[in-house]
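Given below, in the form of structure tokens, are the structures.
Two complexes are shown next, each including subunit A; its partner changes from subunit B in the first to subunit C in the second.
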Partner chain A sequence: MTARTTAANRGSWFSRLPIRAENRAYAGLFLGPTFLLMAALILYPLVFSVFLTVTGPSPTPGERRLVGLDNWARLGNDPLFMQSLTQTVMYVVPACILAVAIGLAVALVLNQEFPGRLLVRASLLIPWALPPVVVAAMFQWFLDGRRGLLSPWLVQLGVVDQAPSFFSGVPGTLFTLVGIHVWKTFPLIALIFLVSLQYLPRETVHAAQIDGAGPWRRFRYVAFPFLLPTIGVALIIQLLLTIQLFDLIFALTGGGPGAYSTYNLYFYAFKTSFEHTNLSYGAVLAYVVTVIAIVFGLILTRGGRSLRLS
Partner chain B sequence: MSPRLLAWSGAAVVLIATVLEFSQLFVDWPFPFWLWVVAMVVGLALLWVGLNRLHIGMGARAVAAALAFLVIMVIFLPFAVVIVLGSLQRPVDLLSGPHALPPDPTLDQFGRLFRIAYWSEGLRNSLIVSTTAAVICTLLALLGAYAIASLRFPGRRAVYTSVMLIYMLPGIALLVPLVAIFRGLGMIDTLPGMVLGHMALILPLVTWLLVSAFEGVQPELEQAARIDGAGRFDALRRVVIPLTVPSIATTAVFAFVLSWNELLVSRVLSISSTPMLAPSIVNLMDPINRVEPQLSAAGLIASLPVLVLALVMQRYLIRGIGEGAVI
Partner chain C sequence: MAEVRLDGVNKRYRGLADDALYPTSATFKDGLFTCILGPSGSGKSTILKLLAGIEEVTAGRILFDGRDVTHVTPERRDVAMVFQSYALYPNMTARDNIAFPLQLRGIGRAERHRRVDEVAAMLGIRSTLDRHPRQLSGGERQRVALGRAIVRDPKVFLLDEPISNLDANLRMQTREELKRIHAELKATFIYVTHDQDDASAMGDEVVVMAAGRIHQAASPTEVYRRPADRFVASFLGRLPMNFMDGDVSVRDGSVMITGGKGPELVLGPATDAFHAPSGRVIVGIRPESVTAVTRDRGAAGGVEGTVTLTEVVPPDSYITADVNGWTIRARAAEVDQLQPGDTVGLRFSLPGLLFFDPDSERRLEPSAEDGASPKPEVAA
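Entry: the complex of A and B
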């Protein structure tokens, strides 16, 4: 008996098929469950949401009336849409700059050898792992004007003269949320830089050191150019995280204070869909968020490829 | 000036300024904040220069350790003071002003918390839903991810790209139509509906992570098994899976954490009979009935599972996050 038939006998029935047909049969079999689930839970809803955007509630209950592109046209003359879009930018820009700057600095610090380095690295996982609602509850008390600890501390330490108010100003409250969001996300950005720094060739750094380059020059002319693609990646990841910022807004401000002063597009889509139960316009708003996310996501995968090359 | 003297004076300046600055939390006397900042910069610079002259690289290490201490404080301080110590306070302690240390530590609030029906039910439901969703998704995606990573079939590229695009979808894009569909099927406010909703959220992540993990397995190993007569399923079970156990476990942990922390899906798919953890914490934050120490107790309990998982799996999680695979 030849080895081939033995193999075929011990393998499954599919092994008798020619190799390409066998591959296809297995692909179909293996992909089946995942595909069915994705089709039912993701692809079908996505198609259904296109249907939602072109229909509206009809007088007959349980049915929907075709309204064409009316829901899409509403974007053009909806001041709250424009405000949410502007405020999304107000969240994204400072959150990206702060998280990337702090993350990079922390990664550079942790890239040094010093006792306790691994402890610090592990503790970076804490803000990442904590449920966002717990972070919200924590900072709600910590930053509270009367009951919170931070305001009296800041006064006692002489940082400020008067206790600041974190949750009442416009647009100050938005920036409080940015600060909390940065607290939660800078560790993730730091870890991205830290992994990237491991690929920084030691010889180059040493060569620069022997040539007399100080720490600043070593960073500016060796590490920084090396990290440039990673900075791009980190900026986009932080952007994706920030346009999807929802939990903090929902738990801490509910969109206020004042007239929608902490709305972003994501939160507006949520409010429209589920509190004003206008699923059609909500789906349109969700599509706007999706388009932004996909565009930057695609740029990211390009950047990710060049990252892997370097 | 000798390098040793420089280093010691730098360390002394840092230490004295820090003691002076933070003693103000206990003793009321004016030490301006800017003076502390200036002293830190000057002291660390002296330390740096002195240690560098003594031994190459020592300065960077000492300054890094000092800055790392700052990072630790920023991360731990709010959690330790508000969530851990805060949960030990009594509600009356709030009246005598904010306390960093509980004046009369007690575990009362934990007991009271569990007498709130929606809290204990929410905790139980979240344990069930997150575990079920993470386990089912990981097991199902094992097969699919293996097919995408190692089988050659027509349309593979397209499947690969769609999985990636689906992974990038914001939750709200999925949730709006999902709610409309679930309403039609009467699945809102049911536990199976909740599990399915969470699965919709984590399945793309799980599939994507497993595809990346399986792509890392050397094809030669699998081919060797196939030549020895193993079918595709055997190759997956006996070669690929044993080689990627850490990645599979990490994937399941990522899925669990994502589902456990999830607020939007849990909130929208539940009306009254399936309370979940994250929304019930938001309920406890309600300004009228809010009892801060109780909220901290809830926060501590809600954080424990994810913190334990993060601690146990830290090596793998750090790698997964650092490579930008999970956001």
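Entry: the complex of A and C
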């Protein structure tokens, strides 16, 4: 930001809003309820959760006692925390790569003219629109080792000798969840790319074509550099979606099989807070997830800004 | 080098009721600089896109040197195109932009470097080669786009208003340069523009288009002096042509137009060479062919009119006069001394008169004796 804009931005944020002075009171009046709601639903829990992380249960019922940073220190010697963190990475990395690759490929196909394109574009969003529990139930039926649809097909087609088990392997089950999660989220990513492709300058693509570039090189030299900022944004969106993956784990594996093999940090925080009712440590874990999400969220906003500039 | 031919080519975009290009046959001669001139929506850019192959024809054939390329993809047509937007690759330097077609053809690095330098020297952009398009001025971008086309040594150059985004001075300079480049390369240039100055400055041949049809294809002087129809007559020229509806006759040694409304307009004494067309016509005469003289000069001859408007179009000045209800624009020598309301004498140069059929609006040849009436090359 230049010195001039900074100077213009001085003063309270409220006085900087494009609102005429005589209408300030109205503006306050209209914004008020929203602020109250936000304070009650976001600000209060945020402050309260800080309070939770520095307190512990007290012998007196209904009271909490200060424990300082003891809850935070517990992160250092909690093997399940390290396992959940590692497994979070195991969810995030393949989910980001797959969703962005598949989303981009699908967007490129849907950007072509072909009969029935509108129908295909519309149906693209079905996985994204389905409630997670429905998705979970669907895949449970589809992938079940004995009664599922997929296993008999794979055996009949000779792909595998015996019915594979999608929900009992370690770490196989985690990757089954990654697959289902990608299936559910790639439409959003594809849609982001499809929107971006609408702004790809046609003349530049034509110029490349006339210069002698076939489809692959037109993608490699024109579309891909153009989409690069969007790829960054898509990666971060998918990262945020995957860090917060919870419902599929909850509905399909409950964190198993084996010793917490499909836990991620988010799920671990939930378990700690609400099943082991250790609200303090659960809040600490939730904070770790929040910090990771905020860091990448900031990168996302930056990325979005540079996207608009280009 | 190639001769480019359209054989009954027709284009209609999907979902539109009218043809963007009605069935058209035309030949762009080998090694000539042909300008396609027309207002927006005339179909001139459509022709270029069809020739480049980035649009498919609805019907008809496109031939390069007799070879049917109608269904050949753009990457295999061996044409180069310069876009109005320049369409440079933003992530590549100017050098890489120019080298891109060579790179796609698998030409080695050293050879690419050499040829880019050669082209850059020709265009005077050697010092900008390491910059990205966003760091270049409009003129420099235009040159890089041109360089990208030239470096390939293609059979046909297609240029889509490549200089219309430049300022007036640079535009003039670039016209000269394009002309020089064309002379050096001796390739077939097809240049689309809505600017008649582009066409007359550069074109060996001008193809005038409107509403999806070719109206005339001839040399720049020919389309100006002998327009094929009323549209061409009105589209070319610095100022709008004067058009008058009526019957032309010679009475008492004077040529006059008798209109439906108001009294006749006397154009001046008839000469032996003058032959009046028969029946109702549209008479056209360019403002340049009508001279306005002030009365106090005592200039005899010509009809009197009242000045309604004066305008300066350097180096000339023009007035618009009302003559018995006819509105005539004429060239005036001393426009500074003229004001609306003044009386002037108008003298018409009879060889400058053009006659058009009121129905077809095509130009009528004055008479059989006039002889050599060259058929327009291209049938509309």
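Please note the rule applied: the second predicted complex is superposed on the first by the 288 of 310 C-alpha atoms of A that agree within 3 Å, B and C clash if a C-alpha of one lies under 4 Å from a C-alpha of the other, contacts with A are read in each partner's own complex, and residues count from 1 in each chain.
Here, a residue touches a chain if its C-beta (ideal position, glycine included) is under 8 Å from a C-beta of that chain, and two chains touch if they have at least 3 such contacts.
What you are looking at is a predicted structure, and each value in this text was computed from that prediction instead of being measured.
Look at subunit A after the overlay: subunit B and subunit C fit there side by side. Looking at the shared chain after the overlay, A:221 reaches subunit C, while subunit B stays out of its contact range.
In the superposed model, A:246 makes contact with subunit B only, not with subunit C. Of the two partner chains, subunit C is the only one that A:201 touches; subunit B does not reach it. Look at A:83: by the touch rule set out above, it reaches neither subunit B nor subunit C.
Between subunit B and subunit C, the partner in contact with more residues of subunit A is B. By the document's definition of touching, of the two partners only subunit B reaches A:274; subunit C does not.
When the two complexes are overlaid on their common chain A, residue A:165 makes contact with neither subunit B nor subunit C. Of the two partner chains placed around the shared chain by superposition, subunit C is the only one that A:210 touches, whereas subunit B remains out of contact.
Superposition on chain A leaves subunit B and subunit C with their closest Cα atoms 5 Å from each other. Overlap of the subunit B and subunit C interfaces on subunit A: none, as no residue is touched by both.
Residues 6-7, 10-12, 14-15, 20, 22-24, 26-35, 37-38, 41-42, 44-46, 48-49, 52, 105-106, 109-110, 112-117, 119-134, 136-142, 147-149, 152-153, 156-159, 183, 187-188, 191-192, 194-196, 215, 233, 237, 240-241, 243-244, 246-247, 250-251, 266, 269-270, 273-274, 279, 282-283, 286-287, 289-290, 293-294, 297-298, 301, 304, 307 of subunit A touch subunit B in their complex.
Those residues of subunit B lying in contact with subunit A across their complex are 21-22, 24-25, 28, 30-33, 36, 57, 60-62, 64-65, 67-68, 71-72, 74-76, 78-79, 81-83, 86, 94, 97-98, 100, 140-141, 143-148, 151-154, 156, 159, 164-166, 168-181, 196, 199-200, 203-204, 207, 227-234, 257, 260-261, 263-264, 267-268, 277-278, 281-282, 284-285, 292, 295-296, 298-299, 302-303, 306-307, 309-311, 314, 317-319, 321-324, 327.
Only residues 201, 203-204, 206-214, 217, 221-222, 225-226 of subunit A touch subunit C when the two sit together in their complex. Residues 52-54, 73-77, 79-81, 83, 85, 87-92, 100-101, 104-105, 148, 152 of subunit C are the ones that touch subunit A when the two sit in their complex.
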